[in-house]
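Common to both upcoming complexes is chain A, partnered first by chain B, then by chain C.
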Partner chain A sequence: MVTSFFDQFSSPLFMGIPLMALALLLPWILLPTPSSRWLNNRLLTLQNWFLGMFTRQLLLPINHPGHKWALILASLMIFLLSLNLLGLLPYTFTPTTQLSINLGFAVPLWLATVLIGLRNQPNLSLAHLLPEGTPLLLIPILIIIETISLMIRPLALGVRLTANLTAGHLLIQLISTGLFVLLSLQPAVAILTGALLLMLSLLEVAVAIIQAYVFVLLLSLYLQENV
Partner chain B sequence: MLSRIIIVSASALKGSGPLGAGLVQASRSLHTTSQSLAPVPPLPEKGGKVRHGIFPEEIFQLLYPKTGVTGPYMLGTGLLLYMLSKEIYIINHETFAALSMGAIIFYGAKKFGPGVAAFADKLNEDKVAKAQEVKDVAMASLAQAVEDEKKEQWRAEGRSMIFDAKRNNVAMLLETNYRERLHMVTNEVKRRLDYQIALQDLHRRMEQEHMVKWVEKSVVGSITPQQEKESIAKCITDLKALAKTSQATA
Partner chain C sequence: MLSPPVAIVEKRLMDVKLGELGTWLGGRDFTPNGIIASVRRGHDRYYNKYINVKKGGIGGVAMLLAGYVALSYLWEYDHLKHDRWRKYH
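Moving on, here comes the complex of A and B:
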């Protein structure tokens, strides 16, 4: 069987049963359930504190009607964060490396913001297509450009997350393969490669957290424009 | 009629001691009302004990009677070697990725673990402290209110003294006012009387002076020239006589 570095991204199957649902449900099993007690254990206290702080910070620039999105944005953030971080463990499958999953998050949510904008305040939403202070001659071209930029947003959201995570995982695989092979041939170079792998792993942890945050932040930005 | 017997016998059964109560209660289902859920048992303060961060302490306790202290470690080593030698777990590039990720996780847990735990504990403690503060402030304010009430009661006892003092005060004021007025009246009367006296003095003095002047004027006017000559001649003879007597004595 010829294996390639891209096999880690193939949809997991076990005896013909797709395990994608299990991979998507894993974070839910690991996160503690909020309880009705007044004082909780450390994990739950930290989770509550983090969620409260994050939601407050995210919804700060959004006006009152947009606060309906608090739940979905916060849960999306936790979901993406946990999926990304769990995918950094060895032999795990990261669902967010699949373009289908990411576009499945990006397109409906982005479309919802656009439709909300067009329904409630159509003039204002269309006015976003023309930045202030453009010279008269540039207006037609600029409107076309802005429309294209609007349409490309979901694609950008999805592909950004996919590309970052896929690239990160691939790099880890490549460098660890290099380390594995070099260990027997040139141990000195292998030590340098090991250091590189360590730093790359650190970077990947940061990227995992940041990419999840950026996804949700951009969605909140699109919401802020349209609501 | 039979149903009545059943009802009577059932009520008799309920009151007929422990066995009877048990027979009736057996039909009631257990732990369904919310009353049985309270009070909720307290949460354990710390999580289950673990050794080396992952392995629960219970495994070590389980194996201790048969294999002593080193038992679980031998089990772990043996398991690892078994999996490696039988190639159940193959060392490949993922192993190194796992090692580097494990190193990062280990470092993170060691460095930031206690800080994060202390932060979580502080969050809970702040919550408790806030509630405690509310309770303490309420208690302090109530105690203060009790003290204030006692003071007010003590103050109320001295009411009569205050009234007496006030009464004395008012009486003194009235007295002072009366004396002032009396003094003022006396002064005014004296002033008027002094004026009358001065007026009379002036009268008498003027009369005296006038009379003296008049007398002087009439005396001076009554001296005729004949009288003046006679008086002057008399004065000369008197003088001569005096000169003679003095000459005679000297």
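Moving on, here comes the complex of A and C:
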């Protein structure tokens, strides 16, 4: 069979169950549920601290009706963060490299923000389509452009996350294959490649965290406009 | 061996004798509720032993992650074996 570098993104079946099921289940196993004790164990304390800090930071610019979204945005962030970071472990599967999963997150949430805006304050939502101070002649074109940019948002959210993670994983696999082959031929060059791989892995950790954050941040921005 | 007699089915797995294994397996609860209950019990045992302790270190989570990596390797073995057996990469 012909193997390619893209085979790492397929979800192989084992006894009929795809690996994606295990990968999607893992954040639930790793993150403990909050307890009603006063002093918790270290993992739970760390998790609570991080969640509290993140939610407070995220909800600062959003006005009061938008605070209903606190739970879903915080849990989305934790889920994406853990999925991205767990995908960097060897032999694991990253569900967020699949466009289906990312669009499945992006489209319903974006659509919810748009519909909330259109239902509760239709005038204000439609007014967002025209920036202030545009010259009279440009108005028709600008409205079309702004509508297109509005419609493209869920696609951009999903594809951004997919592309970033896929590219990172592919680069890691390419460079590590090169390192393996070079190790027997030219060890000196292999050391350089090894250093490159190390830096790339650090970058991937950063990208994993940042991309999750950007996803949730943009969603909160869309919410801010509409709520 | 002065402990009061306990029904075979209710003993823990490590206490079941080899000859009694069939009876033990036959009497366990394999309904979905039973499986969920046993998964919860296993999770609670692991959590309370390694994570829910006063000075839990990285070991509790690290063991879980190592198990996850091993399980992923097992899951993907059919796919990975081609990479090792290739002559040209």
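Methods note: the second predicted complex is superposed on the first by the 224 of 227 C-alpha atoms of A that agree within 3 Å, B and C clash if a C-alpha of one lies under 4 Å from a C-alpha of the other, contacts with A are read in each partner's own complex, and residues count from 1 in each chain.
We adopt the following convention: a contact is a pair of C-beta atoms (placed from the backbone, for glycine too) under 8 Å apart; a residue touches a chain by one contact, two chains touch by 3 or more.
Worth saying up front: this structure is predicted, and the values here are computed from it rather than measured.
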| message | Looking at A:194, would you say it contacts chain B, chain C, both, or neither? Reply first, second, both or neither. | response | first
| request: Go through the superposed model and pick first if A:46 touches only chain B, second if only chain C, both, or neither. | output: first
| task | Return first, second, both or neither, reflecting whether A:180 touches chain B, chain C, both chains, or no partner chain. | result | both
| Partner chain(s) touched by A:79 [first = chain B, second = chain C, both, neither] | neither
| query | Which partner does A:110 reach: the first (chain B), the second (chain C), both, or neither? | reply | neither
| Can A:88 be said to touch chain B (first), chain C (second), both, or neither? | first
| Which partner does A:202 contact after superposing on A: first (chain B), second (chain C), both, neither? | first
| query | With the two structures laid over each other on chain A, which partner does A:29 touch: chain B (first), chain C (second), both, or neither? | reply | second
| Overlapping contact positions on chain A, where the chain C interface meets the chain B interface | 41-43, 89-91, 177, 180
| Which part of chain C faces chain A closely enough to touch in the complex? | 43, 47, 51-56, 60-61, 64-65, 68-69, 71-76, 78-80, 82-83, 86, 89
| remark: Contacts from chain A onto chain B in the complex sit at residues 37-43, 45-46, 49, 88-91, 172-173, 176-177, 179-180, 194, 197-198, 200-202, 205
| message | Residue numbers of chain A touching chain C in their complex, please. | response | 1, 3, 7, 10, 12, 14, 19, 22-23, 26, 29-30, 32, 41-44, 86, 89-93, 177, 180-181
| said: Using the touch definition from the top, list the residues of chain B that touch chain A in their complex. | reply: 40, 43, 47, 91-98, 100-101, 103-104, 116-117, 119-121, 123-124, 127-128
